[in-house]
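Chain nomenclature is as follows: A, B, C and D, assigned in order of appearance, with residue numbering initiated at 1 for each chain independently.
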Amino acid sequence: MVVVALFLAAIVLGGYNKNFLERVKGSTVWDWMTTVDHKKIGIMYFMSGIVFFLIGGLEAILIRLQLMVPANDLFVGDIYNQILTMHGTTMIFLAAMPLLFGLMNVIVPLQIGARDVAFPFLNSLGFWFFTAGGIILNLSWFFGGAPDAGWTSYVSLALNEYSPGPGVDYYVLGLQISGIGSLISGINFLATIINMRTPGMTLLRMPLFTWTTFVASALLLFAMPALTVGLLLLMFDRLFGANFFDYTMGGSSVLWEHLFWIFGHPEVYIVILPAFGILSEIISTFSKKRLFGYTSMVFATVLIGFLGFMVWVHHMFTVGLGPVSNSIFAVATMAIGVPTGIKVFNWLFTMWGGEIRFTTAMLWAVGFIPTFVVGGMTGVMLAVPPADFQYHDSYFVVAHFHYVLVGGTVFGIFAAAFYWWPKMFGKMLHEGLGKFQFWTFFIGFHLTFFPQHFLGLFGMPRRVFTYQANVGLESINMLSTIGVIGMTLGTLAFGINIYRSLFIDKTKAPADPWNGRTLEWAISSPPPEYNFAQLPLVRGYDALWVEKEAGKKELTPAEPLGSIHMPSSSYLPLVMAIGVFISGMGFIARGDYSMGIFGLIILGIAMFMRSFEVDHGYHIEPEEIEKDKGVDA
Amino acid sequence: MKRRNIWRGLFVFALFALVLTGCSGHESLNVLDPSGSAGEKQLDLIKLSFLIMLGVFAVVITIYIYVLIRFRKRKGVDVMPKQTHGNTKLEIIWTVIPIILLGILAVPTVTTTFDLTKIAQDEEVVNVKVTGYQYWWEFEYPELGIKTAQELHIPVGKKINFEIHGKDVLHSFWIPALGGKVDVIPGRVTNVILDANKPGDYQGKCAELCGAGHALMDFKVKAHSAEDFDKWVTQMQAPPAELTTDSEKRGEEVFQQNCLGCHAGINQSVPGPDLSKFGTRDTIAGMLKNNPENLKKWLHDPQAIKAGANMPKIDYLEEKDLDALVDYLESRK
Amino acid sequence: MTEEQQNSSPQQEESHKPDSTMKHIVSFAAMIVLTVAAFYIVMEDVVEPNMILPLLLFFASIQVVLQLFTFMHLNQKGTAYYTIFIFTGVIIAVVSAVGIILM
Amino acid sequence: MASDAHTNTNHASNHLETATLEGKNKVLGFWLFLAAEVVLFACLFGTYLALKSQTMSGPTSMELFDLNLVIVATALLLTSSLTSVFAMSAMNQRKLKLMQFWLGVTVFLGLAFLILEIYEFVHYIHLGHTFMSSAFGSAFYALVGTHGAHVTFGIIWISSLMIQAQKRGINTDTAPKLFVSSLYWHFIDVVWVFIFSLVYLLGKVG
């Protein structure tokens, strides 16, 4: 967007000439916007994730402010519904997922000893689609109002008749576009992990973060289409007069619930599995021990992923599908507790007999375990249909999912941020600030969400902008709001920490600050653009540790030093994303859809250009690599 | 590390223990202190699942605390831990025990799931047809020929078979103190069977986001003894009270000119609640105490009281007519 | 690359030798037969009505297998991943579709 | 994986599409995409079958569907699947002209199918069965229309690849593209098998 704006500005000012183009092409911004380097794309994912986390967090603050006291009138009715919808949608789709995608992008190729991902071009395309979708969603605040039917966007509330504004259109098109981006990323990760592993990196030697990325990507692959279909049908209903969900014309609102949750439940595992992977890496590293029960960890990951598709109806126990359906899905849901338990105990026994260093990353990991277990436990309690009749759509559910989403995913992401920051940016984060962040956020978190279990049990439904006084809800709500102060302080500390590390701190991070065990720690921080000068030969699980134990300083190369082929960068992904962005906004604006079609034409042209383009990339010659090495040493 | 974790463990335990004995939370909407058999069965499952989870949590947290204390790195000591791969025996244990525990939970879960949908052959039931609208509730007793809104009256000790209908968007019918909820789904009929075992006032809630006024879509449940319920039925079945004062008579005219379009009470397709027994109600719109002052406030600006309410503002009447209308409505008993 | 299956050795070309053309034609013929059978049972009313759906699904499934394993070459070496993913997709697809239809 | 990866034209191999790492990635990635498409169509099928009796006052599937038309359409698409296989055989034997011929036939059959489908839709619309007339109408056009959109995209895609092949010949760059487009075409055929079975034939028995 920035570049386009720059172009336009230049044209208007009459300054459009070759010289200017050259300057733009040489600029850092252009470099990043056209990059196909997985590390840069990863960083962009991560950074936009942080931005959206702040926005979602701000919305959370507003929610808690409104609910601080009974009969508050800060945000009433529709406005409140908009905030809460955008909070959920932003946090899940625009914060948690890109933060994880960022980490996956940077780390997974390094962990499997690859020079690149399988589809560098598509990788970039995925990122720009996600960005386009995210921007569309958040533009809703300024043009016509945000979606207000909840992040689940249940019909018929989300149909034209009951949500006449454009809000839900933003939801539909924004998510559709960013969803396509996610699907593309998922395919890229899968193909990368299957095809790009270095010699010796067999499946059962892959680090757990790579494994969980693999399974999470498979979940994306199979879950995203259900959302795509759901959103497509909702778009047809809203924009083109179809009748999928309008019961007066034979449609069914339960259909939407199915489609949404067939996607939605796997989605929650998409955001927790990578966190499990992160935890496995960190706990093993900072306990100085091999991961306990590696094979069963892998097995459990795959099993969780698979079972994740068989349980969606647990979100629909109160729909009245009958005791048979409810029972089947209840038992299937409970079953997921078993592989998850395997993971928890394996973590505990990885620490057992180890030498535990409480770095900030490890603190987050250690904080994760009991928090997530509490969330998982309430999950199992929710899986009991008769009891769920009471919990459903109450604050008990809100407490459950924040324990797993914040206590699980977000804690995991913070852990990973501290752990892999040096690898991503070549700088360290400050440990003291990090510990401050951990304690404030951790305590604030429990203060906010633990009491919410009781709000639910005392009869407070979720998604309400107010509640009655004198029915035992005030003090708990107040407590819950106070806790947010802690989380805000923690988040601010994180912001300062980032700023400090990127702009103030001048010391460079070492290649292997934590005495790491996996391949990413064998190369410099940050890694050169080709990652590995020579592809390493992997000789066991914990590939780097194996070499360290053998007393070696470097990895054994699997190939002679030679010229390295690199993909060339491309502006086409950005153009395609701009195309869908324009198209999305065009459809939201309704009218005659000419802008919508115009955007699609841009997309089509860019696709043709890509198809006919002959792109051989470029090569980095051994001399240059030697030079790099020299500088590093 | 150590101290905090122990304290947290204790805190969790203490709070839950406190709550399970029913010390806090208001009785009119407390899930943990139910006044109906469905709610009791559900609470039993809540307790069972909670106890199992508490046991598992205790095991996890014990190992956790032990490990964190015992194996933390000590200053100046640098050991190389043994790089164990795993332990098949242990791994089998923590696979099998959870399976058993979940089995113990699954059996009563499934039986209760089926139980809740059953009514014994010889049991006397009261049928109530519930319809959820944005943002109010209509209750109809087909056998008794009664139709009312916002306030649900039920006899203690009898099973109430709710047949739930929807007309606009999804809602969810929830009376926390009596038992779990069921969704209101336009185009489908859902069912829930509840009962109250002691007389009293309970709160009903809408539990599915249904628009701007969702938070305020409350209703009242009044459980009566059998005699009181019969009294209420008789009163509801009786023809509306005579108009006594002039003001009431004038009010009727105002009503017919301004309100009848929606509040006809007889015609199914109109969107407003039946007001023919408005004077018997405790609340206006399910939330305000029913008195003339509040009624005026409501008529004047319904949206100020219930966000998103579909009723138009009645702010164009002369003061006298408004008073008459209020008198008329309050006399509808 | 490391994965055994990915190293499809250069010499397994059965599918492109002339007799593989034969194989393609045979499986094409089989598809035609199955299609005709499907239309036949519906148009000619020869089986019990409640057998029609299972039979239709059966015929269709065989056609899918033929397409996948002959036309789309899943019978060759080095296709393990494709097969795993497609069939996982099929399982999930069936569970989801049946769920939507029945509930 | 080194420099030779993308220039390597290993002539010993007849599997031109997977001769390079790029090619292997492309084919794998495309299979993954197809796996996703399986779920996508399953959701559309589920939707259709759940809503198919909701015809409101419009015509029912029994009254609408004309099986003779469907037979012709099926024959066209099935045959095009075979010709697409022939094209790939030709490709792997480096016979450009033959390949172009079979691709041409495939595209032609696809076009014929598409025209038939458009004719069918127009006919239905005249009978009062439209996208907006009922949930059944919406679901029918969403499912069959999505398939039709796939056919359209396939035609455009294969045609543009024919141009590329004509310009650049058959090599390790064009072969994977041609190969995955043929996978796509077969997949479209697979979906059609379910459409004629579960939409048209099942629609006739009610």
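Observations, loosely collected:
Quick note on the criterion: contacts are C-beta pairs under 8 Å (C-beta built on N, C-alpha and C of every residue); 3 or more make two chains touch, one makes a residue touch a chain.
The chain list, named the UniProt way, goes like this: A = Cytochrome c oxidase subunit 1; B = Cytochrome c oxidase subunit 2; C = Cytochrome C oxidase subunit IV family protein; D = Cytochrome (Ubi)quinol oxidase subunit III.
No experiment lies behind these values; they were computed from the predicted model shown.
The chain pair with more C-beta contacts between its two chains, of A-C and A-B, is A-B. Rounded to whole angstrom, the centroid-to-centroid distance between chain A and chain B, based on C-alpha atoms, equals 35 Å.
For the pair chain A and chain D, the distance between mean C-alpha positions equals 33 Å. Chain B and chain C have Cα centroids separated by 51 Å.
The set of chain C residues touching two or more other chains comprises 1, 6, 81, 85, 88-89, 92, 96, 99-100.
Across the assembly, chain A contributes residues 190, 194-196, 221-222, 226, 251-252, 254-255, 258-259, 262 that each touch 2 or more other chains. Residues of chain D found to touch two or more other chains are 1, 21, 24, 28, 32, 35-36, 39, 43, 46-47, 50. According to the touch criterion at the top of this document, the contacting chain pairs are A-B, A-C, A-D, C-D. Residue ranges on chain C touching chain D, taken from their complex, read 1, 6, 8, 10-11, 13, 15-16, 20-21, 24-25, 28, 31-32, 35, 38-39, 42-43, 49, 52-53, 56-57, 59-60, 63-64, 67-68, 70-72, 78, 81-82, 85-86, 88-90, 92-94, 96-101. The part of chain A that touches chain C in the complex is made up of residues 190, 194-203, 218, 221-222, 226, 254-255, 258-259, 262, 306, 309-310, 312-313, 321, 325.
The touching residues of chain B, counted against chain A in their complex, run 1, 5, 8, 12, 15, 19, 24-26, 28-32, 39, 41-43, 45-46, 49-50, 53, 56-57, 60-61, 63-64, 67-68, 71-73, 78-87, 90-91, 94-95, 98-99, 102, 105-106, 109-110, 112-114, 116-117, 134, 168-170, 172, 174, 176-177, 179-183, 185-188, 190-191, 203, 205-216, 218, 307-308. Of all residues in chain D, those touching chain C in their complex are 1, 10, 12-15, 18, 21, 24, 28, 31-32, 34-36, 38-39, 41-43, 45-47, 49-50, 67, 70-71, 74, 78, 81-82, 84-86, 89, 92-93, 183, 186-187, 189-190, 193-194, 196-198, 201-202, 204-205.
Chain contact summary for the complex, chain A toward chain D: residues 115, 118-119, 122, 183, 187-188, 190-191, 194-196, 221-226, 228-230, 232-233, 236-237, 240-244, 246, 249-252, 255, 258-259, 262, 535, 559, 562-565, 608, 611-612, 614, 616-617, 619.
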